[in-house]
Amino acid sequence: MNVVIENYTRTDTKIASDLGRYGVATIHEAQGRKGLLAPHMRPIYRGAHISGTAITVSVPPCDNWMIHVAAEICMEGDIMVVAPTSCSDAGYFGDLLGTLLMSRGVRGLVIDAGVRDVVDLEKMGFPVWSKCISAQGTVKETLGSVNVPVVCGGQTIHPGDVIVADDDGVVVVERQEAADVLTKSAQREEKEAGIRKRYAAGELGLDMNNMRPQLAAKGLKYPDRKEPTSK
Amino acid sequence: MNVVIENYTRTDTKIASDLGRYGVATIHEAQGRKGLLAPHMRPIYRGAHISGTAITVSVPPCDNWMIHVAAEICMEGDIMVVAPTSCSDAGYFGDLLGTLLMSRGVRGLVIDAGVRDVVDLEKMGFPVWSKCISAQGTVKETLGSVNVPVVCGGQTIHPGDVIVADDDGVVVVERQEAADVLTKSAQREEKEAGIRKRYAAGELGLDMNNMRPQLAAKGLKYPDRKEPTSK
Amino acid sequence: MNVVIENYTRTDTKIASDLGRYGVATIHEAQGRKGLLAPHMRPIYRGAHISGTAITVSVPPCDNWMIHVAAEICMEGDIMVVAPTSCSDAGYFGDLLGTLLMSRGVRGLVIDAGVRDVVDLEKMGFPVWSKCISAQGTVKETLGSVNVPVVCGGQTIHPGDVIVADDDGVVVVERQEAADVLTKSAQREEKEAGIRKRYAAGELGLDMNNMRPQLAAKGLKYPDRKEPTSK
Amino acid sequence: MNVVIENYTRTDTKIASDLGRYGVATIHEAQGRKGLLAPHMRPIYRGAHISGTAITVSVPPCDNWMIHVAAEICMEGDIMVVAPTSCSDAGYFGDLLGTLLMSRGVRGLVIDAGVRDVVDLEKMGFPVWSKCISAQGTVKETLGSVNVPVVCGGQTIHPGDVIVADDDGVVVVERQEAADVLTKSAQREEKEAGIRKRYAAGELGLDMNNMRPQLAAKGLKYPDRKEPTSK
Amino acid sequence: MNVVIENYTRTDTKIASDLGRYGVATIHEAQGRKGLLAPHMRPIYRGAHISGTAITVSVPPCDNWMIHVAAEICMEGDIMVVAPTSCSDAGYFGDLLGTLLMSRGVRGLVIDAGVRDVVDLEKMGFPVWSKCISAQGTVKETLGSVNVPVVCGGQTIHPGDVIVADDDGVVVVERQEAADVLTKSAQREEKEAGIRKRYAAGELGLDMNNMRPQLAAKGLKYPDRKEPTSK
Amino acid sequence: MNVVIENYTRTDTKIASDLGRYGVATIHEAQGRKGLLAPHMRPIYRGAHISGTAITVSVPPCDNWMIHVAAEICMEGDIMVVAPTSCSDAGYFGDLLGTLLMSRGVRGLVIDAGVRDVVDLEKMGFPVWSKCISAQGTVKETLGSVNVPVVCGGQTIHPGDVIVADDDGVVVVERQEAADVLTKSAQREEKEAGIRKRYAAGELGLDMNNMRPQLAAKGLKYPDRKEPTSK
């Protein structure tokens, strides 16, 4: 059955926006190394960094009709997540749909398929993370669903989850965990700032994290050293 | 038999050049959604947008001899299209051949294989759409043919057809249809300008194209709405 | 057995650095068309061009512990080469490790897997050639080895070999051949400068290299010519 | 956090087993064309056809420790579903683990990674659907989870869902829908038997489904016919 | 425009059938090493070897409606060739359509996409060469064309051309060249029988084809031989 | 420089043959989880299991001339290992070359490219592990080398190393380590026989290897258990 779900719970707006202060790698780590979409999801231009709540669109292969349906219920702060039900590299989205979504406050698109008009999308400042760039047209013949859970880039995404995307890729944060992940991301970033300073000063991770005994215990050999682990 | 065909009919120069005013996505749509090369054909640098008539080169794998042969019969306004007879990711073309072709008025290269010296090619302003970037050398041992029909990026290309390429990819327009496609591209662009304005103003595709009755007829449900399609 | 080899012979520093004057394609040709890593090894940002001697790191899949171990023995002028023992697209390296390696004079990273924090790495000016960009975290649980021969991008790389990398990709030069390859690269570049000038002036490769008799001997036909090879 | 969930609801045993009477294609259709795992999930030998309830195992890349953990809580009628948290083609499973699982009544394995000892697994009659065949060893160092939802072959799978696998691939049926899908599969098979008979007798789908008017309405042309649709 | 072409010229029936006496590799060689479809086109079961004339079907992605349209005009001796207009791995064809086509004398299917019901198709003896095996359903919503030239597996195929397929893959022979290719295939097979006998008797290709002088001329060195080429 | 090395040290014949008693997975484990070729190296038919010493052939892409050169110096007990210098899926080898190599006692072929005439090769009982099956012809124009180290399937292989191949794939054992690996393989197989018996009897790996304390120490939780690790 094909449905459009309108009553779903978005992650708190401020939390979703604040998560955008942190990079995808930081958030992925802060939430216990999960939620990262597959590395084939690449930005169509470099330098964009967005966060927002997912509006999910399950589309038939090579059919973008449901993007129009979803557009009606988009809100300021949304990121659209589009997943075809079968592998496809057609171009489901271009500058016209980008214009439509921007007018409704959508912050960007994550699509496990192709996108086109990338020059115009970059000029407009509408960022997209996609599997490929392709001008191949799609049709409007078959129904899909809006705001059902989808698998995109190998991750299950629920409507209302937080999406963060930057040049490293795309990560999803479950709504229930978003506040916690925000706190942990801030902590991680602070901690990393300290590590960065020490690394820049020439300190080794081996010493900072006292790794030498563990390495020796696992059996690592330094055949060219007289006194292997106490250098 | 390996041949070099010199007497073939190029698409009218002005039509071929004028098609370059339109993007690949527009032309692909204008000609009925055909002729688009596969999305693995990517530009070696962003921002180039060219059109011209195809000079086709069928090359043995890892052998670029026939590019030299083809160079002799290139003309101002040509785009060279190179297709190996077996899958290859070697680098058949670099800045030297780029210099040679530019001196003869060739506008760019489309190659279903690899290219090298991409820094120099970008500096020279000689655009290339290729399957990959690779410095792997090729030989000059085995014959191929020039200006026979080739399959490049999954499309059949005849010598004299129009090639248009931009950041969205590459499209081929058959010579016989070029004038018609030029007209339709202009019409499409004009129409899209109108749609863009209405989308920017917040109008929905659902309303602009009166999609709601069709969606309802196909069975789309809005379980959270009291009166589903008349919102 | 997992080992860290510290006493190995680096290619002469000046030779390794001087090879960086030449592009990857030139060096690949100068050494007889060998040593080129596979074209999936791409720079995370355009415009970097480095050379140095390889410090090789064989890592278990999704485990970056040995990069910390290798960091201790890095020297000014090194390029780190990382090869997982099984196919992986996780992100083994980010801006923190980049900071650590830069503080030790490492010039860049070549990794047959993923890398993250690419925005920061570009800002820092620490270039990376990798299979993909991925924020996926790795662990520190299993040993590997440092400065054993590794296969990276389909090429065997020994510690101390010269690595040169630019926008065309990555090439390895064996230590024993580096001086000779440097000489030949200079010769090749000089020769190419001459060819470039002649091509720019409109001369054909067909004539410059007297290819017509060979082509005719192999059976190439010009059906549209009256006197095929003497045009 | 890494957990092993033991109290979860399996689909009714009889329903799960009965679904195995139908092919993957039939079930995929019967449940509205969803739930099919990606086509890279292939059987290691031809001719197996199984159904059962999913016990899901989320494993770190190249680490099969959690398969041992999951083995303890396997039951007669289970099919083990293994999904690494990052892309991997190592061999997580061989004839020893096959022996262990068979002794506990497990009917087969579905793994989005590699498997080894395929000769022995075939001899034992323990079927596996996997991404590849690979003898690459894995470690036992890092935790994962058992019976959490996983994404395998691009589909979200919950513990207790029904898995059906045959030479066409693998399909998941959600527990809540299993009874309904069983009924619809039977209906579909019956219907298809009728169609098969009519096709075998030479009837056309065009006539059986009265497609000609629709085709004409969409604009299909038969230029070589005098009276196109009434042949 | 979407068309169904019914009046086209099939290659002579006897020639098309007789070509099936020779393997794909032999025919590919006999016609000058062309016409071979890409190696991703694999048989769904081993041991089939067919030849016939192509009926070509250009289908929209994930839509198999036109296969029904094409079925009406199939004849004894046809091989159906199906090419989606955009990359797809759905399952366009199963045992029902196989039954339909068999009833009309079609000898097999070549499809640059997926196929399902492979167990039944093997039982029926209806061979298929496809890009993948997939149970993913397709729709009947959008028109395509029958008997227009298509690109399938990287080769242009015209209706009426000869298709030969065996465990090595699929080759197309242009109608105009079929008689000549048949003659040359017979000659090649005869010649190969002679070579096979001599190889089996221990003769070397080096001697049989007098390769040693050429190898020496190209510079091949045997550093361990005192008198390199006269052994 | 292109060379044919004839004086190289083969692994002891008996050791090389005896290693063939063990499966690829066993040998890969016995030598410390190294030497396994990438999983894209697949047998052209199931059920072959061979071992022997490597004669290595470095070939230009799409050129099989050096296989003829190598044939002259093949010996009883050899396995030919062919690696193109650039990625290729052409068919370098068929039943004629299979006949030639069999007549010289070669036990099989490992090739990081394509092979053809697979029906005949299976009938002859000449096993091949390859990247693909392809009838695409190759030429005899450009030199390569015989018995230099090559990278095949991502592993460095030296002439005289042991190759073992079965349905799990291909593994290389360095000559210097072969005797030791043979001993360890026997030990491993014996050990595995014991484990297999205990698994078949229903014992768990968790208990056999006393994994519970480690799992608990790493933090694994059993939320549904009252007393988690002592069940």
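All chains are identified by letter, namely A, B, C, D, E and F, in their written order; residue positions are counted from 1 within each chain.
Convention: a residue touches a chain if its C-beta (ideal position, glycine included) is under 8 Å from a C-beta of that chain, and two chains touch if they have at least 3 such contacts.
This one's a predicted model, so the numbers in the text were calculated from it and none came from an experiment.
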Angle, in degrees to the nearest 5, of the Cα rotation that carries chain A onto chain C: 120
Chain B-chain C separation of Cα centroids, rounded to whole Å: 30
Centre distance in Å when chain A and chain E are each reduced to the mean of their C-alpha atoms: 42
Whole-Å gap separating chain C and chain E, where each centre is the average of the chain's CA atoms: 39
Two or more partner chains touched - positions in chain A: 1, 33, 85, 87, 89, 136, 142
Category of the chain touch graph - line, ring, star, complete, other: other
Those chain pairs that satisfy the touch definition: A-B, A-C, A-D, A-E, B-C, B-E, B-F, C-D, C-F, D-E, D-F, E-F
Residues on chain C engaged by chain A in the complex (per definition of touch): 1-7, 65, 68-69, 71-72, 89, 91, 94-97, 99-100, 102-104, 114, 116-119, 132-137, 140, 142-143
Footprint of chain F on chain C - complex, ascending: 1, 32-34, 38, 85, 87, 149, 151, 154-156
Chain A contact footprint on chain E (complex, rising order): 60-62, 85-90, 136, 139, 141-142
Chain B residues within the chain A interface of the complex: 23-25, 28-29, 33, 36, 39, 42, 47, 49, 166-169, 171, 192, 195-196, 199-202, 204-206, 209, 211, 215, 218-225, 231
